[in-house]
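What follows is a set of notes on a single structure, which appears directly below.
Labels run A, B, C, D and E following the written order; every chain starts at residue 1.
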Amino acid sequence: MLEIAIKGSKKYWIWLGALLTVMAVAFAVYIDQFVNGLMITGMSRDVSWGFYIANFTFLVGVAAGGVMVVIPYYLHDYEKFHRITILGEFLAVASLIMCLMFIVADLGQPTRMLNVLLYPTPNSMLFWDMCVLNGYLFLNIVIGWKVLEAERNQVRPPDWTKPLIYISIPFAIGIHTVTAYLYCGLPGRGFWMTAILAPRFLASAFAAGPAFLILLCYIVKRFTKFDPGWEAIQTLSKIVCYALIANVFFFLCEVFVVFYSKIPGHMSHIQYLFFGLYGHGALVPWMWTSMILMFTGIGLLIVPKFRNNETILPFTCILIFIGTWIDKSLGMISGGFVPSPLHHVTEYVPTFQEVLISLGVLATGLLILTVLFKLATTVKEEVRG
Amino acid sequence: MSDELKPDELLNKIDHKPDGGDWMDTPVQIRPGMYCYAAKAESVKTLGLPNARPWNPAEDDWKLPENWQEIIHNGIKERLERFRTFKVFMDICVRCGACADKCHFFLGTGDPKNMPVLRAELLRSVYRNDFTRAAKLLKFLPGGEFLAGGRPMTMDVLKEWWYYFFQCTECRRCSVFCPYGIDTAEITIMGRELLNLLGLNIDWIATPVSNCYQTGNHLGIQPHAFKDMLEFFTEDIEEITGVNVEPQFNKKGADILFITPSGDVFADPGTYTCQGYLILFKYLKDKYGLDVTWSTYASEGGNFGFFTSHETMKRLNAKMYAEARRLGVKWILGGECGHMWRVIHQYMDTMNGPADFLEEPVNPITGTKFENAKSTKMVHITEFTADLIKHGKLELDKSRNANRIMTYHDSCNTSRGMGLLEEPRYVLKNVCDNFFEMPENTIREQTFCCGSGSGLNAGENIELRMAGGLPRANAVKYVHEKFGVNTLGTICAIDRAALSTLMEYWVPEVEVCGIHELVGNALILPGEHDREMDLRMEPLPGKEDIDE
Amino acid sequence: MIHSRRSFIKAAGVSVLAIGAAPAIKAVAASGSGAASLPSKTRRPEAFSAKRWGMAIDCRRMNGDIAGNIVKACRKANNVPDFSHKPDEDKYPGLRPPKKDQELKWIWEESYHHAFPEMEDEFLADKFKSMPFLVTCNHCKNAPCVQACPTRATFKREDGVVMMDFHRCIGCRFCMAACPFGARSFNFRDPKPFIPEINPDFPTRSKGVVEKCNLCAGRLAKGLQPACVEASEGTIVVGDLEDPGSEIRALLKENYAIRRKQELGTEPSVYYIM
Amino acid sequence: MSKNAIIAGLVVFVATALFPFWFNIGGSNAAPEIELSERAKAARYCVLEKYDMRAEHMSLLDEWRDSVVRDADRLYKGTNGKSFNMSLSTGEDSCLGCHTDKEKFCDRCHNFVSVAPYCWECHTTPEEVTR
Amino acid sequence: MNQKYMLPLAGVVLLFLLAYAGVEGAGLQWFFGIVIPYLAVIAFIWGFVNRVMGWADSAVPFRIPTTCGQEKSLPWIKQNRIDNPDTAWGVFIRMVLEIFLFRSLFRNTKAAFHRDENNRLSYSWEIFLWLGALAFHYAFLVTAVRHLRFFMEPVPWCLKALEYMDGIVQLGLPNIFMSGLVLLAAALFLLARRIFDAKVSYISLAADYFPLFLIIGIAVTGIAMRYFTKVDVVGVKEFTMGIVTFQPVIPAGVGPLFYAHLFMVSVLIVYFPMSKLMHMGGIFLSPTRNMANNTRAKRHVNPWNYAVDVHTYEQYEDHFRDKMIEAGLPVDKKE
């Protein structure tokens, strides 16, 4: 089936070539990081996680978002999603590979990463995160591939894929829950220490993932002969809408708890993000932008006239995607570290190199996504005739 | 035929998991329905091939010469020196199994010895025993003989050879997947050559070869009958179109000599393809003054000698160049055929060339040089027609083929033996609007054989043919059910005959046609009247009610 | 003798290998060497030991000079790099300049406001406002960093010291996020150029691993007091918190001492006598 | 493929296969001599017997580092009844405390068999520091 | 038990024990360490050259490449220059892809017969044989190249770089070399395939299992020496350098496991030229892949082409002249 990927139009090859170029440049920069250490990043003693982990967190969400098409289709036999389920699964595959690459990029000693397997440590959330991420990746590759292959051959998928599909649903919830647990179980980090973090992560995931999927559907429709179906996109947009409302609602709950209780250790982080602290306020414009984007997104999605407008919808999705990205990657990580437990304010700005390496990872993900989507859409075209 | 074994029963017999045991210890069982009758003595005699005598594969005694083992041994030895392919293929197979489920006969019968690797091992095991140093060295070690994996040439082995080398259609599908490119077809060719040294051919091959040698074509049609047949088509065409397309025969000084397999002249549905050629040549003659001649001497494109031995192939093939030289044409045009093209493409120039008495082929109408046929000087008719269409030289009415929902079967020989994939598709798409490909893994270089190639198109081995054709039929059935495909196009004469039977058995709703039958339907002849029938004398689409 | 023993180990090893049990080999190797000459690993006889090590910092006697000496002594003893040190150009040509906020600290001075941020008080006694508070790893009883580490590179020793296994650390920095005291530092780069004088008694670290105060475990093992204690002029006492007769317990018994962020329940082992 | 091409290919193949032989023409089979420091000579014994030490020292060090860091066990009593400080480089009674010259003792063999342990990234020999 | 693999397994175990006992019991270091390896190298080179020259001596009468794509045809039809090359350059690319990436194997599919109301035969992409083969061969290559450190003094930087890359995964001491583990894993996978896949099992001969077991044995002893029972590598290098400088020595302190490893390697290279392992050389000579598909454009010469009996037109006309004249067909001689 992979032979499909090596046949393509000129545009396809130019696109892959561009991605490969970005990957090559990023790899060269990564070699610098590998040789000289994480000194090339903007991270510091106080803000010890940065752009890599931020993007990792966000992409776990995108991966988990794929389950929003899997559940309706497999659990509720929602036929409209039949055509796009595979897209959701392949989106999860590409996102998860990016997640794993971001983790590796963030490690100080990547050559030792197998120590996590050699000394399994059940009390560490990172260990569990590794398990669920790899598990979910494996499940999605196997399920996506086997189901697509069966579709191509016009036979029923092997029986053993059914239980795997069911297992993949808790895994999807699991990856984001465990990722939230990475943060929310840490004493002394008031910003993260809230039980609503995992639900909030899931809510933003179920907004960002399907929003991205809608955009991908548009792209697929534009560049291939495969039509994911307007009704499926409609349903997705409703999912995005309610998930986004939940996300904002959870955030407002958080704001209430923090500011009504006025506990400084919890309050200072949100103050820093939205108003600045001790004269430091690099993230203030970003956070307000995020809020505006998300509220605009809600507005555009909740009104049927706008939601049902084929021209407006992709722009709405872009707004939401950017809004949730700022909210979850920039805000969530920097917000947690600033101010530090000793109440120092050390601001974090990613370096150029850091951003380049991240772009390399994203380019790799997009390359995988492109190839997988090409497979999926070509097979679907082929089967339709 | 179909009363003997229903499709469902045949399907029930398929099991792709061989049960344990050692294949070397499993003796061959020659089963009716799976083999062709033995070559008749007189056919073998005509060609002066060895050991002509009546014999019956089902009997124990095959009436072999005393020193048959020696003959085989020397035969292998000689061929190892003459063919590097043979020697290398004997040595380097690692038995990785990649080819195992690529063979249509294995897929259709489940007989493990139809896995290409095992078919080759039948010969290889003897080679290892008799010709490798390893076997000689290892004999001194305990268990070494076992490690060498050889076995002596016995009567059982010989029978196994005969049975299984005539269960291979030399389609080369396995070769596409082999990491070393081992071509089982070449091994089968060697195997059949060796068997022929003992006079162990099948009649479906030997008799056509003898006919072809004597009368010029496989069916043994004599010159006047050949002419009659084409004149009969001319009458039909006149009835359909109102135009007389009378062909020319053995005409000296013509531009082009046209050679097609005799199957097109004498067996439905090839005859309709033949009519297509006639219409095309008439059109070109009237519009552009192109002078095409047929030959009664070289009235056979096919070459069953190819299924006998290299020498026999050469003897039959020689007629093409001889006739072209005698008639003084510029170059040769070849009709739709499979193994004919394999021979022309890969052997003819080497065996019977150089054809320096011919001109490098140029299409006189479009001026296109057929660069790829520069030396052999023989052009495939779909290359020729595609070139004409591309240059807008043909006036076509696609709607006359509107009732045809087409799919296209790549013939093994033209796809894996030369790579003729796009030309027929181009022609097809220009004469018919409804075209659907069969699934990816069953077309182009991965195409499946009709199950009856390489001389196995007999009546007595019908079970073998239906089983071997199963993968092809299965793919046709798929597009038939999915897209309502009702016609299977092909550019091979054996396909046209074999696939018709195959379709009747597995997918009765699908008809088989040649590409030039559709061209003949679509081509608007100068001066023709309003056509109401297609070449099969069936009403054209939109004209159905006129008949009633 | 040795010859046959080795052969036995090898034969046994090869057969065990077939079932892929590496740990078993070590067992075989151990038993194969015979009871008489079994190799043993033990503590040094002169090593200090405790049930649970703790530290008391006497803030009443602490001043800037002492604190400065302590920090210096710690850096020297443990090869903690100092980013203000100018690296030797000949030995390390073309080094990129260090980033101040990527520095490494094992013990350092903080003001009251930062050492005890949750005990902010408008009317804090003046003397505390200017006093240097030394902060370091608290060797918590319930150490969040130990819980967070995915490879057990950070672990709690039986004697209460929270240790780093530099060989095992993968540099994920989960521990840094987990530590509520900011006690951990990450080697963003190779530290060697920034160590003014390498102390051969303690290895330096490589880039990419996290480090922190280990209570001078190596010195304790040799029967030496931690470097900070030695330089502290008696303002720092390290001893066994579980031993009622220890010096540190005596101090805590008689004086009012506080711990940092007690409300988090990590049970720090570093006490500040106020 | 022509016979000449095949022969050319074969020549390349044989040359490659016999590379170790022609590459070492005029070479010697001598392994480097390691030089023992005066202290080591005087001591006359090490943690393990000579050949065991040669073969196993890296595993022993691997084992030691776990014991030292994780179990705080720092004293090794070998099968020869002697005690050793379980340390590669710290203190007089560590490995390098006795085998003081790393270049002549460790590096010669490591270079000979192309082993580049990462130990030296962090562990410094006392000599290196004083130099 | 299936004797097709039990016998080779027993053979390999026997070979191992032979060397192990020979060294440990009988002190035959010189025999297994010096005599056998020298003989093995000679046998390998001689056997390999002989085999390839045997192939070279045979003629290539025809040009019969397998064409896996569109041939060179009319100028507006896109040719597949790699799968159906008509130039030497295309052939070169095709061979490079074949030799380095196992391109044909990459195409591998798996057929399945779904016996239900549709009775579909399906073909799906089967990647594992390709992956396994690729992993096996590359791991073997890296392992072999890596061993050059025992045969070169000083060791060049490029070899050190390879060792660094191979050992980049840091996991305990000594460094883990990935190639060795991948080699063993891939060999075990290929073995498992032979045993458990009914089709492959059926076609497998003892000669297929023997080299696999031998390679597994070599990998296992090598891994054992590196990670478990340990061997004095300085002694080993002294020994290997002795061999290649023709000043053989038997170093002290190198145990029998090393000689068993060496003996199995020797057996492998002796066995190599007389077995299917010659596919290493054969892949270069495979005529269906290393020739251009241009026979219609360029004449190929058969060195042993000979004249044959042909039924000529004259004979034909003589036979049918009357009928031809009667039917109005032109004839050369009108009598």
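Note that in this section a contact is a pair of C-beta atoms (placed from the backbone, for glycine too) under 8 Å apart; a residue touches a chain by one contact, two chains touch by 3 or more.
Here the structure is a predicted model, which is why all the values come from computation and not from measurement.
Counting hops only between chains that touch, chain A reaches chain E in a minimum of 1. Here the chain-to-chain distance from chain B to chain E, counted in touching steps, is 1.
A simple rule picks the central chain: find each chain's mean C-alpha point, then take the one closest to the mean of all protein C-alpha atoms, which gives E. Using mean Cα coordinates as chain centres, the one most removed from chain C is B.
Across the two interfaces under comparison, A-C and C-D, the one joined by more C-beta contacts turns out to be A-C.
Our note on geometry: chain C versus chain D, Cα centroid distance of 30 Å, whole angstroms. Distance from the chain B centre to the chain D centre is 69 Å, each centre being the mean of its Cα atoms. Centre-to-centre separation between chain A and chain B, using Cα means, comes to 56 Å. Each chain gets one centre point, the mean of its Cα atoms, and the points for chain D and chain E are 37 Å apart. Contact of a single residue of chain B with at least two other chains is seen at positions 439, 478. For chain D, residues touching at least two other chains, in rising order: 51, 118.
Chain E has residues 55-57, 60, 107, 118, 120, 123, 170, 172, 285, 287 in contact with two or more other chains.
Chain contact summary for the complex, chain B toward chain A: residues 436, 439-440, 478, 482-483.
In the complex of the two chains, the chain A residues touching chain B come out as 152-154, 382, 385.
Within the complex formed with chain E, the chain B residues making contact are 11-12, 14, 16-20, 22-23, 48, 80-88, 91-98, 100-102, 107, 112, 115, 117-118, 121, 132-134, 137-138, 143, 146-149, 172, 175-183, 186, 213-216, 222-224, 227-228, 249-252, 296-297, 310-311, 314-315, 318-319, 322-323, 326, 344-347, 349-351, 353-354, 368, 370-376, 378, 383, 386-387, 390, 415-423, 426, 439, 441-442, 444-446, 470-471, 474-475, 478, 481.
Of all residues in chain D, only 49, 51-52, 64-67, 69-81, 85-86, 89-91, 118, 121-126, 128-129 touch chain C in the complex they form. Residues 106-107, 112, 114, 118, 120, 122-125, 127, 168-172 of chain E are the ones that touch chain A when the two sit in their complex.
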